[in-house]
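In order of appearance the chains are A, B, C, D, E and F, and numbering begins at 1 in each one.
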Amino acid sequence: MEKLQILWQSTAIPHFEMGQIIMMLVGFGLLYLAIVKKFEPLLLLPIGFGALLTNIPLAGFSEVGGLLHYIYYVGVDTGIFPLLIFMGVGAMTDFGALIANPRTLLLGAAAQFGIFATLFGAIALNAVPGFEFSLQDAAAIAIIGGADGPTAIFLASKLAPELLGAIAVAAYSYMALVPIIQPPIMKALTTPEEREIKMNQLRVVSKREKIIFPLAVLFLTILVLPSATPLVGMFCLGNLMKESGVVDRLSNTAQNELINIVTIFLGLAVGSKLSSEAFLTVETLGILGLGAVAFSIGTAAGVIMAKILGKFSKEPINPLIGAAGVSAVPMAARVVNKVGLEANPHNFLLMHAMGPNVAGVLGSAVAAGILLALVG
Amino acid sequence: MEKLQILWQSTAIPHFEMGQIIMMLVGFGLLYLAIVKKFEPLLLLPIGFGALLTNIPLAGFSEVGGLLHYIYYVGVDTGIFPLLIFMGVGAMTDFGALIANPRTLLLGAAAQFGIFATLFGAIALNAVPGFEFSLQDAAAIAIIGGADGPTAIFLASKLAPELLGAIAVAAYSYMALVPIIQPPIMKALTTPEEREIKMNQLRVVSKREKIIFPLAVLFLTILVLPSATPLVGMFCLGNLMKESGVVDRLSNTAQNELINIVTIFLGLAVGSKLSSEAFLTVETLGILGLGAVAFSIGTAAGVIMAKILGKFSKEPINPLIGAAGVSAVPMAARVVNKVGLEANPHNFLLMHAMGPNVAGVLGSAVAAGILLALVG
Amino acid sequence: MEKLQILWQSTAIPHFEMGQIIMMLVGFGLLYLAIVKKFEPLLLLPIGFGALLTNIPLAGFSEVGGLLHYIYYVGVDTGIFPLLIFMGVGAMTDFGALIANPRTLLLGAAAQFGIFATLFGAIALNAVPGFEFSLQDAAAIAIIGGADGPTAIFLASKLAPELLGAIAVAAYSYMALVPIIQPPIMKALTTPEEREIKMNQLRVVSKREKIIFPLAVLFLTILVLPSATPLVGMFCLGNLMKESGVVDRLSNTAQNELINIVTIFLGLAVGSKLSSEAFLTVETLGILGLGAVAFSIGTAAGVIMAKILGKFSKEPINPLIGAAGVSAVPMAARVVNKVGLEANPHNFLLMHAMGPNVAGVLGSAVAAGILLALVG
Amino acid sequence: MNTPSISEQLLEAGSLLVVGMSSVFIFLSVLIVSVKLIAKFVEAFPEPAATTYATPRRAPAASANHSANHAVTNQQDVITAITHAVSAYRQGNQPPSK
Amino acid sequence: MNTPSISEQLLEAGSLLVVGMSSVFIFLSVLIVSVKLIAKFVEAFPEPAATTYATPRRAPAASANHSANHAVTNQQDVITAITHAVSAYRQGNQPPSK
Amino acid sequence: MNTPSISEQLLEAGSLLVVGMSSVFIFLSVLIVSVKLIAKFVEAFPEPAATTYATPRRAPAASANHSANHAVTNQQDVITAITHAVSAYRQGNQPPSK
């Protein structure tokens, strides 16, 4: 009888709290989005699973000695996992389109307006009772507008670890929603004629330019924005490994096995931050709302910048490609291509959108560095 | 001369203890089993090599600052390595046969009788002078009957770390010996007619059932057995990654590179626990004996359960498949197939035995959770 | 204005020190050697990049909490990374040529004269004002003559961590320079007739000999040189995994993904030791000079030993193969082949040079063990 | 804590045996029921196969991941784009219209 | 530290907005100039393609790495060597000259 | 500890040179002998090739590992089983005998 009593007490049933049940439903929701809706499954599946595990009563996954505790402190608290993912992404990125048309960097810059405007918005939300975002919190939330998962996780782990779960979930969810969020904004800001604009073919970029480019980016970052060098540095290392062509086995491992291993662990660790105390707050609603605003503003800013650029450019510029400046590689570029094809079924904008797309990655890493320097 | 003296003192020869020499022979024995006899070489080769290294005088592999010391404390003491292996095994496991014929779960349940009977036996051994197993020790030893390496290592690292070496060696050795241990028991408990029974073909299992299954297992474990969620959870994560089909690159890495890396380290770490103080004891003899008993009882219980099931079932059940319930995937299922073929050369039981076989994995993970909850 | 002031202070420009600028140039120089000159790019690219990162003002890569700090302390300070690389190299090494012609072990032994003579030379340099090498420093520097990167890093991390950066850079640079350094010495010490000597074909080596060989090496090392067992042990583990043929998936992972991951991290960690305080010293000049001397002496000793061997041997021995005894696998063997072909376009010495070449790896691991035992 | 007597220990082990095996059987029996329910559920709500997947949402889903899906999709995109670029180029090799 | 008032915070956030966006634009604008300079530089100093790569230095360079390039090059070497060994062996299969 | 004089250091280094090189040579010489003994041993006890491997023990050995060999063997098993299942199914496609 006593054994049965112990057994009953050692089931989770008498220990469940409402918050844990709700967070498990959130976890299941993320798994649903990942598996059925195929929203960023590589991250949302482990995040959702991590949310399930961390909310199990008595199991202690995220307490001292628990698996997720170790993974979080080794990989996320130190910043190592997002940096390794950034290295892998660097090894996957082709800057050819950007080098061929460097002005698209301005589109990547404009789209970061989503970040800084959202920072302002988050502080403004403090006027609403119940919200009390510090400047650090606001900066970590605003980076969602960068549409870049590892950057968001890295910055949040430095500035607002208690919001990391919500921020990462928002960032990946909105990245998955890019094809829903962006097209209406793109169409509202452009005329059908603008969307039909055909762009000139990109020039061929030499191997040496591609090798020098990451070094130039790193050099510039070192000079003026050392706080951005962890992110930009690892990204450039990955890209240099790829483009140099002399360490293919390292480059392949960085963009395959290593990034896969780290992705599993990073997802679980992020999921472990989805506890009810941290997530079931009014702040999370604010974060989700602000994230959507950030994406929308970034998209709009990119498109408007592209229209301005087009005014002053001798070469034709289709303003749609500005929307790719938010990054969310390569989905935003694909959305641009799709909206462009709707306007003109023979107009393939994909390669032209890749320039602002990868520029957006650099742009948000730079923005993260600025935020770290100014409010970190 | 002084240099030569130092040099002589820095050879191992004047420092060897008898226990170290014997443990090195044990290490060589394990290498022999792994390489020549091909007994579970993926684990026994690194375990045997680890046993050699840890017993070298002056080298300090398992002392503070030594390689094996680090590996053990990072990966085994924390439970991380067995859990990662379990995730990889989950990503390799196909529950199709089990879902098609869920009653085979009862065979996987019955075979766990080997575990609990052995726990009883280990405590009974305390009546023999020289044995003084605590309840924790007994539980860690009994799990050998689960015929599942990572489960045994995980439980032993929690309940009886000082016995971990002997338990892991026994578990893997007996898993390798399944084709020797099981057939006589299977034949003794069945008539030739029973062994000839042909089973109906399994129905096709849909992808969605396979996706929901690991979540259902996890859900049930969360509800009633949270102490089993580390093992079951990581197993289900691996299986979900595989079956969901949306994160193939993660699933492939989990069942290849990641599990390989962890297997090397886990083997070395287990080997590092094969020191003479820990291994050259009468307890080790008890562990080896009890392990054999556990396997035999588990096999018998599975077969008997299959006979009982067959009595009450409308569909024919070949009692041999009960033996696969001890897990030892996929060898026990192959043994079933082989013994079945001896009785009827046209009777392929392999797929039918895969059901109880993977049920046995779940069964012993559940049993481990129960032991952790009750004696941990 | 104040924000702008903060922003300016948070750029690197007002914080740069001369030493950091010079070390960045050194880093760029290493990248140049790696990418353009293709000098050992797998190591020199990450080392060069690590040197850039570690010298960025304010970024704190190598301070507590920085990425390179973690990597260094987890992987190099503990010795784990060089040992894992050695395991991978072991899994890549074929001892067939050595087993077929075991006398070539003497060539691998002779070439280690470069190490011990350089140790003497380093101590002699103390007579020059400005140099103050301890015996530990001298030993760590001398190991450059072993022409083996992981061995050099392992020994330096134990004996002279503050010199590790310079030693690793020197070791890999000279390994890359083997085709420049060795041929003049080889030609100076041999007559054209000697260089034309054709050697007998090597016998076929059985699989069992290849399996027993690493165990024999390990056994011997355990007996007489336990301080060498970390290096030799991990090397033999890798080789045993390869040759045993029963754990191919572990062997493949050890020589591919695992060694690649570790190589990236090891390179970055070594680069993080290239700070101006540690590198911009007169000692570094001494190290670079001594390294070149060590390589040259080792080459000469190998060739002379081969000539002596040839005198006493019934079978013809081409003295060129002695030069391969410095290790630097497989480049030294290729250089031998090339110089041999210059003398006789039909004389392929490659397989004959592989024996001393892999013997040199063992030889320098043994020498490292001796140095650890005597001055560690 | 003083060591319990052997008989106490055996009682403990015996109760563990009973409780443990019961729990295992109950757990796996409930799982049997669950598996059957899942099968019924899946049969009852057949996958709206072609419907769901043909919606416009599908395209983004397939290429969703930023951090790791990158290379492959990139490559695919690049191939598409190159195909069009090349065919554009070949159509007379005229200079880009300015 | 007492919490700043909302208006102070908004001022702070506003200045961050201005300074931040300016910095991003300056940074990426400088990068545009750099990319153009790189293109000019690369054009000005065309790769001495065939020249560099045909020098004798190239052979070792390709196989430089000890610790990781090993297997592949090894294999290649072995193939070369085996080819010659086999052809030597076939030339009459005479015993090695002693 | 006060620093030893240069001459003391040189003496130390010299003795290291002698002792070290001797040790290396002795070690590798013993290894030469060992390799020759191994060769003799292997020749003396030729592998009972076909005998060992044809014993019934071999089958399990090849598939021994639980934790990692799984997938491959699984697959192989599955293929075997599927082959038989399919051929069984095709033999008239009669319903399973009850």
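FYI, a residue touches a chain if its C-beta (ideal position, glycine included) is under 8 Å from a C-beta of that chain, and two chains touch if they have at least 3 such contacts.
Everything numeric in this text was worked out from a predicted model, so none of it was measured.
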item	value
Touching chain D and also chain E, the following chains	A
Duplicate of the C-F contact set - from B-D, A-D or B-F, the pair where over half of the pairs recur	B-D
Fraction-based call for chain B against chain A, same above half, different below	different
Whole-Å separation of chain centres (CA-atom averages), chain A against chain B	41
Chain centre separation in whole Å, for chain E relative to chain C (CA means)	22
Between chain F and chain D, distance of the C-alpha-averaged centres to the nearest whole Å	36
Junction residues of chain C, two or more chains touched	3, 7, 38, 41-42, 224-225, 249, 257, 260, 263, 370, 374
Contacts with two or more other chains, residues of chain E listed in rising order	16, 19, 23, 68
Full enumeration of touching chain pairs	A-B, A-C, A-D, A-E, B-C, B-D, B-F, C-E, C-F
Of all residues in chain F, those that touch chain B in their complex	15-16, 19, 23, 56-71, 73-74, 77-78, 80-81, 84-85, 88-89, 96-98
Parts of chain D lying in touch with chain B, wherever the complex brings them together	6, 9-10, 12-14, 16-17, 19-21, 23-25, 27-32, 34-36, 38-39, 41-42, 47, 68
Complex contact set, residues of chain C against chain B	78-80, 83, 211, 215, 218, 222-227, 229-230, 233-234, 237, 240-241, 244, 246-247, 249-250, 252-254, 257-258, 370, 373-374
Touching residues (chain side chain A, partner chain B) in the complex	3, 6-7, 10-13, 24, 28, 31, 34-35, 38, 41-42, 45-46, 49, 52-53, 56-59, 61, 65, 67, 70, 256-257, 260-261, 263-264
Chain C residues touching chain E - in the complex, by the definition given at the top	3-4, 7, 37-43, 85, 88-89, 92-94, 147-150, 175-176, 178-180, 200-202, 255, 259-260, 263, 314-315, 327-331, 333-335, 337-338, 348, 350-351, 354
